[in-house]
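In the two assemblies presented below, subunit A is common to both, partnered first by subunit B and then by subunit C.
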Partner chain A sequence: MTDVHTDPAGQAGPPVPARDRAGTEAEPVLEAGIGERDAADAPVARPPAGHFGVVAWARWAWRQLTSMRVALVLLFLLALGSVPGSLLPQEGIDPAAVQEYYTAHKTLAPILDRLGLFNVFAAPWFAAIYLLLFISLAGCVLPRAYRLARSARAVPPRAPRNLARLPNSVRFQTGLSADQAAALAATFLSRRHFRLNRGEGWLSAEKGYRREVGNLLFHVALIALLVSIGLGGLFGYKADRLLVEGNSFADTVTDVDAFHPGHFVSANDLAPFTVTLNRFDSSYIESGQDRGQPSVFDAHITYTAQPGGTPRQYSLQVNHPLNVDSTKLYLIGHGYAPVFKVTDGQGKVVYDQATPFLPADQATYLSEGVVKAPDAQPDQLGFAGVFLPTAVDLNGQLESAFPAALEPAVSMIAYRGNLGLNSGVAQSVYQLDTTGMTRVATSDEVLTPGQSMKLPNGEGTLTFAGYKQWVSLQVTYDPGQVPALISGIVALAGLLLSFLVRRRRIFVRTYADQAGHTTVDVAGLARSDVGGGFEGEFAELSRDLREHITASRKETE
Partner chain B sequence: MVNTGLSAVSDHVLMVAVVTYSLAMLAYAGDFAYGRRARAAAPASQPVSELAGVGARGTAEDGTAADAPAGSGDTGDGDVVSPGGLEKGRQRPGPLLRTAIGLTFLGAAIHVSGVITRAIAVDRVPWGDMYEFVVTLTCVAMLFFIAVMLKFRAWHLGLFVTGAVMVALGLAQTIIYTPAGPLVPALKSYWLAIHVAAMTLSTGIFFVAAVLGVIYLFAERYERQVAAGRQPGDHGIFRRLPGAEALDRLAYRTVVFGFPIWTFGIIAGAIWADQAWGRYWGWDPVETWAFITWVVYACFLHARATAGWRGKRAAYIQILGFSCLLFNVLVVQTFVTGLHSYAGLS
Partner chain C sequence: MLGVSACGGQIAANTPASNGNNFVAGDGTSTYYQAGHRAAAPTVSGTTLSGSQLNLSAYRGKVVVLNFWGSWCAPCRKEAPTLAVLSEQYHAKDVQFVGVDIRDQASAADAFMQNFGITYPSFNDQSDEIALDFRGSVSPAAIPSTLVLDQDHRIAGRVIGATSYGTLNTMLTKLTAGT
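Moving on, here comes the complex of A and B:
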């Protein structure tokens, strides 16, 4: 056997008689495999020439779209299109960062915005890329699935006349009759899971149909994944709620801070549970190089799944969400809520509650917030300031030295005047609009729990009574999640199947001569061998086949 | 709790590993310069076919082999040379090469013990921060390379692999070194073990594939020059390396090995993100780059199956895929703010 290797052009090999060459070409041996060369991959680069109508153009466009080359380009575009989404701030992830970018790049930002680059993953052009890709995918996969289904029972084509012309072949002789040798080869190959087709003096065998199954499974699962994600977006919802220790909330549209429903979600679709935050435990590493790094966050909650249901306890942690009838509750963030009491100029208590402050520094949990007392007389009162979990004085600069509340303190500035709550413009509860107010006092020292600051002229008092903690919770319902997970697993399984299974064809021909010898020709064809390695495999297989035939001859002797 | 004494031991052990790898690299380079001309007999003008002949030799040894003229044939995708044909069972390596191989094994053993001592010191999986991630992935790359070479015996490639691993490990110890520490609550999950393990493993494998891809590009250029009849200087190095086609195949098979693991890693990451952040996919920068990397490797796999894209273009795509991966680890996880507070560098 000679080992001649790839020469796709068919130029380098020794000359073959023309008749013989034509003969083999007529046989369907070397036709493209189902998976390897797509019909759509045939050169169709030129649009139909001469007279052509809409139909011809449409067919041409469709063939282009479903060709491997276009799939490749679309895949590239998908990767490229994702890049700005990761490097520029995104509306869907961090709207505040987008605002900052606007202030920092006054001319560039509007241009980027018009291109949709601040919301890439919801931009029409990004959708166009992946929709085209998935149309291409469907157009590629469905015909292949059809062909695969048709070939489910198909037998391999008859063996070519001249096996030695195939790139991998061996020839050996045996004393068995041609029929005996062929029968032995058939048992050998079917024992190795080959599908057989037999005829007079020849045998063809094929295995590895599951490779194409795996490949199709993978691509179909990708479509299913996209559909699952879409369904989740249409039928799911997401809600946020900030909850202070001791408080409760119900999962209703009015009781959450922010509600992001899918297109087909109405207020009635929310899971009717209620949650009370009993206590939030947080602890941090107190010494060593990792001082200040969080070690435990644990929200002790009581929840009822239905109105009137039995209250249950749960310890809600990062990585440990609560699942109530497939609606999930997550612990997303936490912070401090100093408790303030405000007495107005007339000695009336006009404010007395825990006030969530937002962390301004994740490392020290220095937090900022405001107090608004619209009912204060004679003027409305407002306070803005910081909460310091572990207050320290660094050369006159107030700082927090540690994220846990070891030395809690606040420092506040007081304002008097009009809070502007009736102006018609919605106000954030975390910001004070001081345009209609005058600054009346600043606490010269930090206030520790129990301490008060008095406003001048008896206009009122602010008392820092203590602090509580708050957690931010997220409620998520995503019906696409389980289908998406299943699609992912199927895709992976399909991928493994298509990588592990190899598609091979083996042909055997037996000829008897006058001397009573039989010549056996064995040839092999790798129908999926992108990674190479078929020669070794064929060498092994043909050696085993030969041994099988010759060994049984010894037995019969 | 963290055992600082033991983590210091790990740091030192890893330093020794770097030194051992650099010695191995020197020995490989020495073998290129002074070693026996392993394939001196091979006419330099036919490096591909010379290698290609090896794969099917088993068949040729059948005494009664047919002498029929072998014609052309398309195997369905035109690929015939197998990486199995890489110098399999060829001549015994010379003393310098043997030294180099020995040092490679020794370096890998030291590297493994460095990873294990770090894991014991921090009492968890050794991929809780970026430093540990790089140390472990380079270890995976080395072990993977050794495993592949035990089969294919193209040990000369060790020059490049030990070199790349040495540089990566050395940078890990200087630039991104992170002292042993406990995990933040967000990372306390068995999904850390699963997701980051898959990412580390596949990154180690892609690392080897990328090195092979780069060598392929050089070998391919060399062979083109030879085929064009030009003598491209004294590039004896290429005569000892597997031919371009074989390198291409080996790189492809390596990617095929790594790709499902990367896919699994992304799925596991999505499950974990769902547990920790309340959504399984949110286009966080690190997620986005894991996705981009995945898509680029999918491009590579498609390119290999598309006429006109095999060979050089496919190799560029593969290297681009690894560049995306590196960019994610070194730039996105470090400088771009997102939820993945993983680097431990701040």
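Moving on, here comes the complex of A and C:
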């Protein structure tokens, strides 16, 4: 990797005042093999010790912040800071679990809440870490980009006095005058796209500035990448929705299960499309080593891009999202939704719908779920249990043997009492709060499609009518995605360019002697000849240059 | 946590299941728009839970309270008695209550209305298309949400989350007084 951060040596400990940053940050790769340095890179003398003014402290702080060491520490803190996010329940992901944590840990929870540990990614300290990291990166990359831009426009330095000392050099004689020879060398080199600098009796030429351009591109693209990711975070959103076969949903805040907006996203910014799940096909490998592994997931959907728009068909598959006006719809999961019908004690149907159950076992799709009939009379009814796609009886223990619904069955436990819904506290649709309920014995707890179980004393009936499948969908809008991709590609191209292109210099000095002959010294120097091969290039180039000069001599004669 | 919710699977990590509530709950904030600052409500029509056709324009000239609800939603169950009382109280004052039943199913919704003594009609809006119609003007951002339309069917008030008697009563008093 190109050095994004260089760690200037000797910057730990107390502030070392005003040592020019450019000097300490010379790029080791670029400068390798070059004896000289631009004047700007030269270290500035230390001011007398003991005078740490505000400016010195500010400089020191800035240098610390933009150093490699601090960037790494920040990166580590960022990783460390996300840990509580996975250990503790999070407000944005599972508010019900946070509530439960509060009731379970009455003294600890308020303290954790003050520290923002229930909403880590929105906590001020977390924001401080990533903002500092951003500043650290920008503070390192921007000045570097500026220096690279200057270096890409730089004029080759004066030719050294003694060219024979350089690792690659040749000397030859010519009958031309020193000026003529130098002029010929200049035209030869500029035709080969060298950048020239000429003086009295010397000529220096350099090429391979694309290396600097590549390096510059890499650094600028890196900043663009950071900005794009930020852009996505601020203006993008993510929404999840679980959809049962035959049902529809609209991309509105009310109609999604979970909504994670960026800071500048309002409810009105959602793409106004509607999606209907017509059918979900899933098939699994039925034999062999991979038995039970999914082979096909295919959600057949009908969607309209705008209200009143033309309905279109689409086959939504894993990694084959639907793209509606740069908002993407992904298929991220699936499961079973047994259809239940609940009749209450007064003979009224109070529940009749497909109820999504959550897979508890990915291998067999044994799924868990609940049915709540809050409007059942005289008592509210609740049922909790499992759906078994392929039910088998293992010594009295009911298990699912295969993820496909070959022998579907449900096993449900009935409860009666207060579901706790009327108090207005939001609760999970996948959980039954049985604190206000009592379990009731029922005629049969295992049902196959079409079978019913009766509650005692005519308090109600639960019928397992059949099953449907559901898919979980994710709607994502990330305006930073395309810029981030472009930045990534540019960064990679820039990096390749900076690795593949070699910056090399050719120096020519011409001396006239008393005999009327001219001695031409040609020397070459590669900056950062990492891959090697400059010697060959120099040999060829100096031979051609010599031929160019000697051939012209013949023409002039 | 109950054993039922042993969300061990991979699905639980990245699906609505992880939200638990399965809907975006509102926080009970209310907004009242003064006359002259009210956006026109879109034309809303559809099938009611009882199966008949309803167009909101039929109530032009009346104040309309549009309540987005679902029988499965706990805050909706909490505010339901309030809405039932207010709809009776303002019946004579030319205020029409209309429900928009979201992601629900007719038998459960019927039982809900019967239990809470709700007599006003509700659109059967399984796929939430009516909420989508309100996008761009004032969109009810969470369930339950209540929109109050003035006599010209401009959006005069909005309550996100379960409404209290006081909040809605204040809005309706202002609107029926002609302010």
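The rule we apply is simple: the second predicted complex is superposed on the first by the 329 of 557 C-alpha atoms of A that agree within 3 Å, B and C clash if a C-alpha of one lies under 4 Å from a C-alpha of the other, contacts with A are read in each partner's own complex, and residues count from 1 in each chain.
Here is the rule we go by: a contact is a pair of C-beta atoms (placed from the backbone, for glycine too) under 8 Å apart; a residue touches a chain by one contact, two chains touch by 3 or more.
Everything numeric in this text was worked out from a predicted model, so none of it was measured.
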item	value
Which of subunit B and subunit C A:Ile332 touches, first, second, both or neither	both
Partner chain(s) touched by A:Arg241 [first = subunit B, second = subunit C, both, neither]	second
First (subunit B), second (subunit C), both or neither touched by A:Thr434	second
Touched partner set for A:Val253, first subunit B, second subunit C, both or neither	second
Which superposed partner A:Glu535 touches (first subunit B, second subunit C, both, neither)	first
Partner chain(s) touched by A:Ser423 [first = subunit B, second = subunit C, both, neither]	second
First, second, both or neither for A:Gln474, with subunit B first and subunit C second	both
Subunit B versus subunit C, judged by how many residues of subunit A each one touches	B
Where subunit A meets both subunit C and subunit B, residue numbers	93, 332, 474
Residue ranges of subunit A touching subunit B (in the complex, touch as defined)	1-16, 21, 30, 32-33, 36-37, 41, 68-69, 71-72, 75-76, 78-79, 82-83, 85-87, 90, 92-93, 120-121, 162, 164-173, 229, 238, 285, 289-290, 293-297, 317-321, 328, 330, 332, 474, 476, 478, 481, 484-485, 488-489, 491-492, 495-496, 499, 503, 521, 525-536, 538-540, 542-543, 546
Of subunit A, residues touching subunit C in the complex	93-97, 100, 240-242, 247-259, 267-268, 270, 272, 274, 276, 307, 332-333, 335, 344, 348-353, 358-362, 368-370, 372-377, 384, 420-434, 472, 474
For the subunit C and subunit A complex, residues of the former touching the latter	1-2, 4-12, 14-25, 68, 71-75, 77-79, 102-103, 105-108, 111-112, 114-115, 126-129, 131-133, 135-136, 139-143, 145, 162
Subunit B residues within the subunit A interface of the complex	49, 52-53, 55-60, 62, 64-85, 179, 181-182, 184-186, 188-189, 191, 246, 249, 252-253, 256, 259-260, 263-264, 267, 270-272, 274-285, 288-289, 291-292, 295-296, 298-299, 302-309, 324, 332, 336
